[in-house]
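The letters A, B, C and D name the chains in turn, as written, and every chain counts its residues from 1.
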Amino acid sequence: MTLKIGVIGTGAIGREHIKRITQTLAGGKIVAVTDVNQESAKQAVEQFNLDATVYPDDKSLVAADNVDAVFVTSWGPAHEASVLETIAAGKYVFCEKPLATTAEGCLRIVEAEKKHGKRLVQVGFMRRYDSSYVQLKEVIENKEIGEPLMIRAAHRNPTVDENYTTDMAAVDTLVHEIDALHWLIDDDYKSVQVTFPRKTKHALPHLQDPQIFNIETMNGVAISVEVFVNCQYGYDIQCEVIGEEGIAKLPEVPSVVMRKGGNLSAGILQDWKKRFMDAYDKELQDFMDSIKETGEPNGPTAWDGYIAAVTTDACVKAQQSGEKEAIELQEKPALYKKSITELQTQ
Amino acid sequence: MTLKIGVIGTGAIGREHIKRITQTLAGGKIVAVTDVNQESAKQAVEQFNLDATVYPDDKSLVAADNVDAVFVTSWGPAHEASVLETIAAGKYVFCEKPLATTAEGCLRIVEAEKKHGKRLVQVGFMRRYDSSYVQLKEVIENKEIGEPLMIRAAHRNPTVDENYTTDMAAVDTLVHEIDALHWLIDDDYKSVQVTFPRKTKHALPHLQDPQIFNIETMNGVAISVEVFVNCQYGYDIQCEVIGEEGIAKLPEVPSVVMRKGGNLSAGILQDWKKRFMDAYDKELQDFMDSIKETGEPNGPTAWDGYIAAVTTDACVKAQQSGEKEAIELQEKPALYKKSITELQTQ
Amino acid sequence: MTLKIGVIGTGAIGREHIKRITQTLAGGKIVAVTDVNQESAKQAVEQFNLDATVYPDDKSLVAADNVDAVFVTSWGPAHEASVLETIAAGKYVFCEKPLATTAEGCLRIVEAEKKHGKRLVQVGFMRRYDSSYVQLKEVIENKEIGEPLMIRAAHRNPTVDENYTTDMAAVDTLVHEIDALHWLIDDDYKSVQVTFPRKTKHALPHLQDPQIFNIETMNGVAISVEVFVNCQYGYDIQCEVIGEEGIAKLPEVPSVVMRKGGNLSAGILQDWKKRFMDAYDKELQDFMDSIKETGEPNGPTAWDGYIAAVTTDACVKAQQSGEKEAIELQEKPALYKKSITELQTQ
Amino acid sequence: MTLKIGVIGTGAIGREHIKRITQTLAGGKIVAVTDVNQESAKQAVEQFNLDATVYPDDKSLVAADNVDAVFVTSWGPAHEASVLETIAAGKYVFCEKPLATTAEGCLRIVEAEKKHGKRLVQVGFMRRYDSSYVQLKEVIENKEIGEPLMIRAAHRNPTVDENYTTDMAAVDTLVHEIDALHWLIDDDYKSVQVTFPRKTKHALPHLQDPQIFNIETMNGVAISVEVFVNCQYGYDIQCEVIGEEGIAKLPEVPSVVMRKGGNLSAGILQDWKKRFMDAYDKELQDFMDSIKETGEPNGPTAWDGYIAAVTTDACVKAQQSGEKEAIELQEKPALYKKSITELQTQ
């Protein structure tokens, strides 16, 4: 059984997913594409030699009879409408972050999904599929470190371009930690405060870099995430969870160990794409597999997209105020209480 | 374009490859299966819900019009005949190790392939697809450690069952290092001598364990491989290349780093299957992709299968004699001089 | 030339220093001891077979003709008086922390020393003599990581006894980081705020554990120190300095690397005394050597003792208020501007 | 109680030991010096401001009434005579390696000591005092890795000068492993075979570098030591013991961990003197302390010096023959059966 997929947005990320489905993963087929730039959509068909129809817009693509599921890989402001369209058609949708550009937009998607009665949406937070994060979550769930008390994390990029602004540290960079960390410890956020340390000389005048986000959870876990996007030395994702009985930490990315020129060393990734390459593959494979096996996608939900939106909003507010800002969620609908898999294994 | 595959041998390894093609990788389809146990072949079709014909024997499967390529995953003594059959039909073949149970058998395959005029055979030495080995090879090829002078390697299993015999340390265990190491340093073997250290109490009376294989290459590189299959603590593959300018070593398999109970620790794999899981996926994906792109498989060749056979023969002889035994190869046919990719990038 | 030493306070730490001078280090001799418990002083003489006079009190010991230098190893509240006494006599004094129990007391010592005109006092902050800290400081001073922007540190003990109170996390535990970190980056503190994460179940009801101290420096460096004194797993001192060009971190304490029982592991110290054993030796050897070579002790000064007092005061206030508390120092007297060694090498 | 020491040989190593006794360690005093170059002896007295007599030769120094113990730090060929002289006088002697330049010479010293009736000699094999080796030995003695089966060791120097010859790899370099390894596993050597791998281009024409020494013990342990004295990258001592239940390995020398320029790295020592600096201090402190406490030195014995001589002889023979050469010891005299400490703790 092959899942027939329509792709809305054939830019860089859209084409990477098309490539995955076509050249790397099993069980999916791209049957439809669209883009606001129709020429781009046609090029994508040609580039990957697809047996796919080019549609004039998301509406017509979603409506196509042979489309089982939709990938929303357009630019952020367009996500909400495409996702709502797909839910209205009762079809599955994998939406890259952000689910919507506002918390209200995310809630509208949540409401639509509730109304539909089962989960159709998966949001593209790929870290949950990274084997190191998965192992870290297992360690925590197995109570190997007891109750989590603190998390120390860092998200570092070697450099950013001139378009990168201070709020993007929250909205585009920290957002991955925002999704990963509440999932990791099965907890909700309560507040956030932002510290601006001495600024690196490598940051442009308009950009505050580095930044420290101190987040408190409902269970009292103190999370500190450093975002440092001009760290020079490489792309580096760190996460350490300090618990009552011990500490668990993501391993370093494996790299050949060298003894040379007076140093014992191992390379650090420069390119962020390589860090989560396998996770990108796995999130899409799991999206397809879980739909076939359980009738629902198994990954990050629309609710997780909503949490990310509310939390990044609070982070941006905290960047501006310098104060501790509350992170307040609506009540969680029953639909999102547990993943299907989790309920089944209980 | 889908590569249509016939599988000869539907035991454990055959089914794993069927699962890969069906559930994990892109671009292949199982269209034919056979097994000396026809019931097993039928079960495999059912288990993976294949749209595939069950053939009574390898001959008929190879001959089937819709079969583009053949996987030989039967027991070792049957490999040679199936591979020769496939070459005779001018079809591609992925053969699990051993290519043949004797050096002479391997040479017959080499001759058949030479006669055919291009490479059709890939042997299932998956380590060449392991990302750590690939990175190690790059380091060496980039001359980052200068000319290789020595290699220290180890192949350790936690335990083996009672059927494991002393010669299997060479034929079934060391064989992976035999293939990987000459590929790694682009060199040929010259001689081997075996040392039997003090025997572990965890080995059964009939088994010498551990063993040390000291291999010399044509360039004078001194290779020492420890094979220790009752090491108790885990499955552990080590490889360190000492060169004129520095040393390069495979990284440890990444695992969550724990601080607990007085120890800083990281788990070691227990299950060998997990170590090269990704490499198994990549070898088959590359087999399919390179055939489509270049008309030849890109992986370990029949000649590599022959090298493995000659070398394991010498290792077994050296186990018995205690002496230094020569490793003597025929002259290398032009067909195997360079991989297509290598020639293209020159 | 032998430095003749009088010891005020012959409890545990006093006897350890007597043992060092007598059995481990070169160039010193214990010639005088006293203790409020005279019996203890006599026992110390006997235990180490000292050729030393027992004095009835600190005054008489300090006044003794053959005493060149004094070790103040009595209980904290007695330190100030003994140090002032020794300065008045124009003799050298090595005083264990705290220099005095109040900032005002420390200032009185600073004033006395200023009046005397050269440095006589060294405070027992031994971390500056730890080889790892020394190497870390060199890396920073050599600008290998550029300007420091952030510090992440942790001070963890496996357990504490029932007498350990929340304020001791600042006064007795954090105080070592307080001294080490401003020395490490050659900066002064500006403010501190304290966070109480979820409390571990292993802490007694009266104790907040763990605690996070967020300290800002005059140069804007954001320091975060975790104090966690019931971490269960061991005694662990972590310090990582994040700079504009890279990151430098204390190495783990070296320990035999084991592969056993499914784990790659190395032991973590349980006993804090072992962590800085060498540093304790070196601080006393340096105290004696620098006096002989330069006429002044070379280690942490009375001014450093004052900084520690002001900072721990602010930390305790911050524990109680939950607010950001200022750390305000008097102007630094010229006497403490640079160490003699530093001035000489300029 | 101060141990009064006479030093025979005031070259580099002699002066380092004089400095240790004078400026670093407790309980010893240099009261006598001599050197074949009398001027050197006088300079040493001046350099360290010693209160010591310069003697015309070793005989007169040994005979001096106020000399309790002698350090033999002259050139190798002179050691035997000075040691025999000191034993004849019934005084203690710390002799740098080699104890004597021939196995026969070592045996003469053993005989003299036997005749004297108690141990007077300690040989300067300092590795037994290195904290990492000590910890490794504890792990082995505690049976944490079960019975040792194999040892993998390496002794690497960045470069050597033109005077370094092939046999020195055994006599001057490997000799430290020879002493350390039999002590580590409490075993005796049986045979040695030497392999010459491909030679590094960084070695001069007259020097074979690297070399591999494969040594078998009486218990069947297979030891492989790589000696590589032009490895370029640093001074590096590796030792890994593979046992029935697990593996134990010397830790890396601790060094600040850097993230910079695309690498996670830690420095490797360049200067061999720094690697065992602490061990040199401890061996002399222990020599003095154990004499005072037990009446005998506690370190490597004359018998250990003999083992080293016999083994290096066999190694040199094996370098020349290419064959497996026997290592044959006389029967061990009762005097050396156990160290005093070991007997006391039994």
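Worth pointing out:
Going forward, a residue touches a chain if its C-beta (ideal position, glycine included) is under 8 Å from a C-beta of that chain, and two chains touch if they have at least 3 such contacts.
Chain identities (UniProt): A, B, C, D = Inositol 2-dehydrogenase/D-chiro-inositol 3-dehydrogenase.
As the structure is a computational prediction, the values presented were derived from the model and not from experiment.
Repeated interface, listed pairs A-D, B-D or A-B, reference A-C: B-D, with more than half of the contact pairs matching by residue number.
By number of C-beta pairs in contact, C-D leads over the other of B-C and C-D.
Centroid analysis (C-alpha atoms only) places D farthest from subunit A. Per-chain Cα centroids separate subunit B from subunit C by 59 Å. Centre to centre, using the average C-alpha position, subunit C and subunit D are separated by 37 Å. Shown for subunit B are the residues that touch two or more other chains, namely 232-233, 245-247, 252, 255, 259-261, 266.
Residues of subunit D that touch subunit B in their complex: 146-150, 152, 195, 197-202, 210, 212, 214, 219-222, 224, 226, 228, 231-233, 242, 244-247. For subunit A in complex with subunit D, the touching residues are 232-234, 236, 252, 255, 259-268, 270. Of all residues in subunit A, those touching subunit B in their complex are 21-27, 131-132, 135-136, 139, 144-145, 245-261, 266, 278, 285, 289.
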